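Below are two complexes that have subunit A in common, paired first with subunit B and then with subunit C.
Let's turn to the complex of A and B:
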């Protein structure tokens, strides 16, 4: 706006962000509470973090969750990137609208339906439920998110660079790894991170598709929350929130730096050409 | 890779076919096939067995057994859904709660998206980041955070009592109000993002022209900004409404025992009553309710995507 931000705009931003962030900030503050009561401040303490680290079940659940998230995010990134290439580059083919439907529908599909349907699939395949079924389930819905993120990167992409490489005799697979992938890489990384955090977060789908011996952290948190709010859960949540926040900020700084670097390179190239 | 222009059919290499086949096959197996299985099991009956329903199909038993099993399938579970109040009340109240929450989210989200799009250019990446960040932090954690705030002895009541606004604590947790707060809070970023995208693209010279011609700002907003931001409004509302209808975590943790939402009903039917056939039937009906908004949403997204290309 030419006149700078108005009072109305500043107020709505401040209130909006306060609404979004206050609950999380309070949760973090009360994880350092001495008192067992979550809502009464009894002085600063880190004892709940010590308690959390002593809780073997929690630590086990944490590792299961990290393994599931890492594996499913990696497979989902490969599949999702392929799907994005199909959506943007493959033109028309039989069943294309079904394909794009299968990419977009899981984004809005209620989790209870996805979880139940996958569980029934695994049961009818006589597949023992546990770590691998959760991993497969997470891969399936995460790949759709990856596809959408990578697709938006591919849409704004100058196709003539790829065509130049192919005209010079570069085989398609090599063109992808040497030309396309470096350019869409920020989208692919963002997609991987999104897939990772989605898997890290998921309660509903994991509860349906898991079996004995594979309890994930959200399931553990959920069962404890049902028994009551404790500072220990606040501590676990704080660690998770911190983890994700650092990851997202680091990734966005890296993307920004890469962007600036590319701009510098382009300017240098133009200067040289002159 | 295929360099075919979208309109022309070209020869596809083996690699090009493989590129399509792998994700296609994956989604077909893990996304589409399960729906047929859900439908099939919704026609079965509950049984004390593993898995807890019959008939179970086994092709090794031969075709005769197969046809006998087919004959055993029935729509009984669907009839049951219409007979028991619980189910249709759950569907109705899910759609109502999701609808009202969507409207509240829009009323809160619009000023935020508008202010973001009108903020100085240098602020925008940071503001965008601040909207996206909660979207990355766990859904469960964000819902959980509200329990400590809304409880009777929680932070909100303590704060209001301290200010002297109220004399005794308000009961908010375990009521529908808490469910509305939870949905609005959790889904706000989903609405703000597409809305911001369409407001940011808005050509400001239109507003300047309106102003030069003597149009008051609120009328300019009503006649120019709002209509041009409709694609963002529609996309955002779908992104809130559709998942909110089937929401489980929010009504379960924040709602009370009288909060009926179909996601919770399905969960209880499955995990507590272990009635797989009835929960499958509940899922099929929920899917039928959501098919219309989902298809509308997809057409809308496709139109936007085509415009971009």
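Let's turn to the complex of A and C:
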């Protein structure tokens, strides 16, 4: 067996990555385009970034998006963690597998259907649509993702750690906050971040459930693009891509370092064993 | 039973022989069922203050369920568990004056060694200075001072075990429950820790209840052992009694090594009982007491170290002596184990101390030997 790169490996690698990243690279490059025409290169400029910052509508949409994402991610984390705890912990109760199946359903449900059903619900409740309805809608679907992430963390949890806390005089609720939560925290944080990003880039459900005065950034971008793509939109998207990239890299670096540190500690402990 | 020959090791401490002694822990007709499975079946047990008590049995015998019912993690289906005369039913685990050392140690992974030990004390709203003093004392007692600031994953297995012990001792519970406390340690460390635990128990004057499947562990540490099988207690006795006077084939077989000889009772008299071995031509004369009557089929249990082995073709008598052929020899250093065939299928085992450094064995494979034993060497078992 040869271990070096073959022409086949190199080609598939280049093709694969080009397929994934070429559109994004083009978007970033054209955000620095001097020309107003998106497809014609007119020299380097950062003027569209300045333009973007002056656009109050865009800035407003950005803040709405951040607020919706932050609130819905937080509420979804609480609800999703509770759901995961019940599904993993409460042993066998009637309909347990039905419930654990149902928690996965919204993950595969078409967004259009989810959005439409939420819209119908809000209409029948005679609820004025706007910021809060978008927030609730995002909470609804993000909760399932959180539940799945936290569940995977809870499955490997040694329940005797909680019993030890109770045995030492700690009532159940306090045990949850002092012992269980700190241990599953990485899963909870991962769930929150997932919920946050999902809410950040959702267009379909937000379009269904929003009302006047609550336009999220993806909705704003989409509606502007329909009038014609401007380099300004490219600039906004580049900023978003930058945020996400930095976030992902930071998160993976942090976990990797933590992991390495832990391995080093464990080796040291074995070496120093008396 | 041949009780006169054997007494408790610590004669000064034997509250279970005093009929007026009040038990500290009492299981009263306790039954625990999980669905169709009966883990503990109508079981009663008394444990006394400052006793080191061991529940011994194979996996699934109900020993861990007993301990978990005492800690409050399981509720008895029927019956009561009492501690110092008080019924514990309805008292949640966090209000019971017992602490448990878990088999998996169950250390809090996000807390340092110090914080682990202090956890229980903080729940009692103890003063800060008192907590620090107690933690320092526990660290000293378990020789963990250099590791106080470390997290559990930075410790070796033996150190983790000591943290778990320190944490469960920190609150000075009336009863300490130990679930397979030494299971995860290697042999040498296990032996050291056994003695450390015994010293600790004497020093702290607590009641220890240990659950184990390791008979050596139970024999070494406990004042009394309860041997359990299928949710029931087979025998409760001191280690020497359990070993020398087992009350059933199960106990004899479970604790140590034993030769089990099927025999028929010939006669019973003042001097003892005479048995005819079922599968070979020898007679057993024993002082072991029994309720069996002539004609009954019984089992004679005799430990290998009580079987003497000498080279020879024929024995002057066939009473307490059997002719055999050496079939297998296992050299273990301190002792050698001889398996000798008394007929085509049955083997008797004899353990011989290697008192000399002789490497050449005077008795070797296929040698004809005579196995013999004393009148009080074994016991008659009927169940």
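A few remarks follow.
Everything below uses one rule, namely that the second predicted complex is superposed on the first by the 235 of 274 C-alpha atoms of A that agree within 3 Å, B and C clash if a C-alpha of one lies under 4 Å from a C-alpha of the other, contacts with A are read in each partner's own complex, and residues count from 1 in each chain.
Keep in mind that, in the parts below, a residue touches a chain if its C-beta (ideal position, glycine included) is under 8 Å from a C-beta of that chain, and two chains touch if they have at least 3 such contacts.
Predicted, not measured: the structure shown is a model, and the values here were computed from it.
Note on subunit A: of its two partners subunit C and subunit B, the one contacting more of its residues is B. In the superposed model, A:13 makes contact with subunit B only, not with subunit C. In the superposition on chain A, A:183 contacts subunit C only, with no contact to subunit B. Residue contacts after overlaying the shared chain place A:163 against subunit B and subunit C alike. Shared interface residues of subunit A, touching subunit B in one complex and subunit C in the other, are 163, 166, 172.
Residues 1, 4-6, 8-10, 12-13, 16-17, 19-21, 23-24, 26-27, 30, 38-39, 79-80, 82-83, 85-86, 89-93, 95, 99-106, 108-113, 116-118, 120-121, 123-124, 136-137, 139-140, 143-144, 147, 155, 159, 162-163, 166, 172-173, 175-176, 180, 193-194, 197, 200-201, 203-204, 207-208, 218, 221-222, 225-226, 229, 233-234, 237, 240-241, 244-245, 248-249, 252 of subunit A are the ones that touch subunit B when the two sit in their complex. Only residues 71-73, 92-95, 98-100, 102-104, 106-110, 119-120, 123-124, 151, 153-159, 167-168, 171 of subunit C touch subunit A when the two sit together in their complex.
Interface residues of subunit A facing subunit C in the complex, by the touch rule stated above, are 158, 160-161, 163-172, 174, 178-179, 182-183, 262, 265-266, 268-270, 272-274. Taken in their complex, subunit B has these residues touching subunit A: 1-10, 12-13, 15-16, 19-20, 22-24, 26-28, 30-35, 37-38, 41, 51, 108-109, 111-112, 114-116, 118-120, 127, 129-134, 136-142, 144-149, 151, 153-155, 158, 185, 188-189, 192, 204, 238-239, 242-243, 245-249, 253, 263, 266-267, 270-271, 276, 279-280, 283, 286-287, 290, 294, 297-298, 301-302, 305, 308-309.
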